[in-house]
Amino acid sequence: MFINIIDKHISLKPTEVADAEPLFDLVDANRDYLHPWMPWVDATATVQDEHNFIERMLTKQAKGEIFIATIVVDGEVAGMIDIHNISAINHRGEVGYWLGQDFVGKGVMTKSLERVEEIAFTELDLHKLSVGADVNNKNSRGVVERRQYHQDATLRENILVNEEYRDEVIYSLTVDEWSKRRDD
Amino acid sequence: MFINIIDKHISLKPTEVADAEPLFDLVDANRDYLHPWMPWVDATATVQDEHNFIERMLTKQAKGEIFIATIVVDGEVAGMIDIHNISAINHRGEVGYWLGQDFVGKGVMTKSLERVEEIAFTELDLHKLSVGADVNNKNSRGVVERRQYHQDATLRENILVNEEYRDEVIYSLTVDEWSKRRDD
Amino acid sequence: MFINIIDKHISLKPTEVADAEPLFDLVDANRDYLHPWMPWVDATATVQDEHNFIERMLTKQAKGEIFIATIVVDGEVAGMIDIHNISAINHRGEVGYWLGQDFVGKGVMTKSLERVEEIAFTELDLHKLSVGADVNNKNSRGVVERRQYHQDATLRENILVNEEYRDEVIYSLTVDEWSKRRDD
Amino acid sequence: MFINIIDKHISLKPTEVADAEPLFDLVDANRDYLHPWMPWVDATATVQDEHNFIERMLTKQAKGEIFIATIVVDGEVAGMIDIHNISAINHRGEVGYWLGQDFVGKGVMTKSLERVEEIAFTELDLHKLSVGADVNNKNSRGVVERRQYHQDATLRENILVNEEYRDEVIYSLTVDEWSKRRDD
Amino acid sequence: MFINIIDKHISLKPTEVADAEPLFDLVDANRDYLHPWMPWVDATATVQDEHNFIERMLTKQAKGEIFIATIVVDGEVAGMIDIHNISAINHRGEVGYWLGQDFVGKGVMTKSLERVEEIAFTELDLHKLSVGADVNNKNSRGVVERRQYHQDATLRENILVNEEYRDEVIYSLTVDEWSKRRDD
Amino acid sequence: MFINIIDKHISLKPTEVADAEPLFDLVDANRDYLHPWMPWVDATATVQDEHNFIERMLTKQAKGEIFIATIVVDGEVAGMIDIHNISAINHRGEVGYWLGQDFVGKGVMTKSLERVEEIAFTELDLHKLSVGADVNNKNSRGVVERRQYHQDATLRENILVNEEYRDEVIYSLTVDEWSKRRDD
């Protein structure tokens, strides 16, 4: 339908209700892989759960509260990337993302994040993007570090996953850092 | 952000709240041109009206009731195309479209409609698209005729524009006609 | 409660929540008869479904979007007639109707439609009424033909009933035709 | 549209949005007359206020919370009668009513109330109707007394009209009293 | 969290969602005791029912339609007291209350009601409080009689509990009576 | 009505709609003082704005999303303290607070925060409280520092006040730190 082509393998598409089935299948095939990091995995028990989630997100997007996209790799639904908690007052938002295990380790998320930065800073009028990652989530941290985000903080015991409180590392990138880097 | 490239000049993009300003400017610059055919022109008096319209449409799109896109020509917002009254029971929808006057006569809408047909029949699982046009609206009728729609009917006194009841011609294209034509 | 008496046997009453039970019983006793033409039959599985349907319809009627009435024959609930998709902009609406099989063939619907026309053109300020009927639904087409509606069109493959796309014939009656006929 | 004929002059009709204009005109012509008894008179400043009131009431009626009717005398809108605070648990409701001054003193309200009793006890499945009247409102009290309601109580300082707390007399009629009287 | 201390044993606290569990447990342990007087006992089948009830009540309280408090005795949740049907127009409300059986006969409710009167007349700007009690409910009537409410009326067959219509006694206290008594 | 007494001068009360007027008066008298730090000051232009804000907050509180209290000093409304962005999944929330200038410098907020910690950790089942403060807001930072919060991070350019992006310092206190300190 619509697309944002990143390279010959990777693209983003606007998440739509019709994505419920492939996204649910992807979550379902990756329960063990995603479970340690994603608190929402257990709550996604049926295609209808995913459908309802997408409908809720698109309704929020209609009000400008979030931005959400489906990541497609070689024609297959591979994961999601979003900007949530968009503050219209403070011009910032928090990026979230996940991939199915088969798509990890190929630069897919780093390139997807790069593209979302461009959208955030040139189209959504944001001043800063933040990313929070479980301190032990190497994959997730690797993505933002490759994108050279500034490591701002470790927020202690900030996320509860599998009945354990974990520290969360907060990274950020401002529009000025982002423009400067592009000019170089 | 996202795009559906039609040719090197023309593309579709998912309508978003940020389009309110360029769309309003386009309507505002084309009031005299659009007024004879479009009953909504007078109700679009401010950017906020357009903003509210888009937010309402995106909320409907989140539920799968409509599909809406902004037409872009050489980087400029040129008009809109949508599928409304999508019937999930009967797998059909009605296409609506309009262009600013500067973009008329260059095949923009014919190509946009062609692309929307592809989206409707391969992604939205529709069986038939209909288009209704004021019997005297040559531009609008020309578009569907160039796309070889079947002329189904003239519905008498079906639309009220500028205090006059006008006949509306109904055209349609089924998924079977569409596929057959592509196979030829 | 309220009534619109048509003749000594037939009357219309405003549909109300208390009609849920007799209407459900009527649908339930006529499943085989209604099923070939009415896509909603299967979705009406319990009295509560009918109750919810009526509550939704009355809420729409409170906003002027529809008109709905229960048809009563010799004190028994016999069917329904409504005007839906009322367009306040274009001053038109679409009439729908159904009867239990025992009440068919006695002129009940023809007289009910005649009365609804009067309501539409003298009280609801409509300019045109349309009726769509499955091309093979002789009962339904007979009603509008006896009321001398103009046959406007056959819309191809317009309704999906029992997994088959069927053509729909569209009839209409304008306020001018209706008044002229009454003057004769 | 629909009617409940009481005698050759008086009838009830289901209140509908289209009644907003004649009802507003009636209130507007009777401000001085209604003001001493009706706390809502000042809040009914425009036709739109009346329209909004009716839409709110019809939405409540769709849920079975109230019953509302317009009183018509010789083809003219003359007033309203309703049952509000309908308790589905306790099977009771409170009757409210008002007439334009020109229609007072002719038995219109007494006959209208009689008809509403019949609706309440035979169709709405109520067990008791109550009426509350300002202790000094002779017209209002006369209506229920002619209908032989039982005077249950005087509730002290129960209504605030024109910055003065007034006593309210409560009358009631049970379904058993009502049936017995009809049998006599 | 917050408290309104009545004496060294008894206090009121703002009802909150976290009260759902202790309140449900109290209802559950007192089903036989409460059932003869409280129509809502059967509908409170699970903690979630109580949770939903509290959430609905707090939403109404946010709009000023009710006031609700949990009664605590020696640190244990003992019952509830509320003012419902608050009329902003007439400056009155109706008090409701219930206690678990273990807490009855110790003056808990009489003192709680006294405190609620103070809140109603000094903070909620009410002019009159009413209490309705099943004519046979000696405990409930004892509370208002000890608080010297004026007995206004017996409303015949006003409440339906366990399939029997019962008379309800209405008591009231005006702000003037309340102030005068405090001055004495 | 309800109270949480902190010392003989200071107490918290549940914010209610009736606080709209004194809270608005306080904001109005402190516009210059609050403006440099509080982005919402300009949007609080009338008592009705404050009323709407409170109603929105109480509706959120009914769902357990926030906790909000009015600070009272010697019987006068002095400010507010709240916990917002309560995460039921991660058991944390963010504390916000403000005082009128006359009440600053007397330990009011430090004691209020201490009391809110107790509510958060013993009643709201939270695991961690965070406080964010403009890096230059000495008053605000002083409060958390006196309460010995851990300084977790400085989030760069995180708040936009008066058209300038400012850094925000994030402090936090976990339930374990809080309990340990009380045991000492």
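Labels for the chains are A, B, C, D, E and F, by order of writing; each one numbers its residues from 1.
Note that in this section a residue touches a chain if its C-beta (ideal position, glycine included) is under 8 Å from a C-beta of that chain, and two chains touch if they have at least 3 such contacts.
Small disclaimer: the values here were computed from a predicted structure and weren't measured.
Comparing the contact residues of chain D and chain E by number shows a mostly shared set, over half of all numbers used being common to the two copies. Chain centres here are C-alpha means, and the one lying farthest from chain A is D. Ranked by separation of Cα centres from chain E, the top chain is B.
The interface of A-B is repeated, with over half of its contact pairs matching by residue number, by E-F among B-C, E-F or D-E. Computed centre separation for the pair chain C/chain F is 59 angstrom, with centres defined by C-alpha atoms.
The centroid of the Cα atoms in chain A and the matching centroid in chain F are 31 Å apart. We define each chain's centre as the mean of its Cα atoms; on that basis chain A and chain C are separated by 50 Å. For chain E in complex with chain F, the residues that touch the partner chain are 1-4, 12-14, 17-18, 55, 58-59, 61-64, 69, 119, 123-124. Interface residues of chain C facing chain B in the complex, by the touch rule stated above, are 39, 89-92, 127-128, 130, 150, 152-160, 165, 170, 172, 174.
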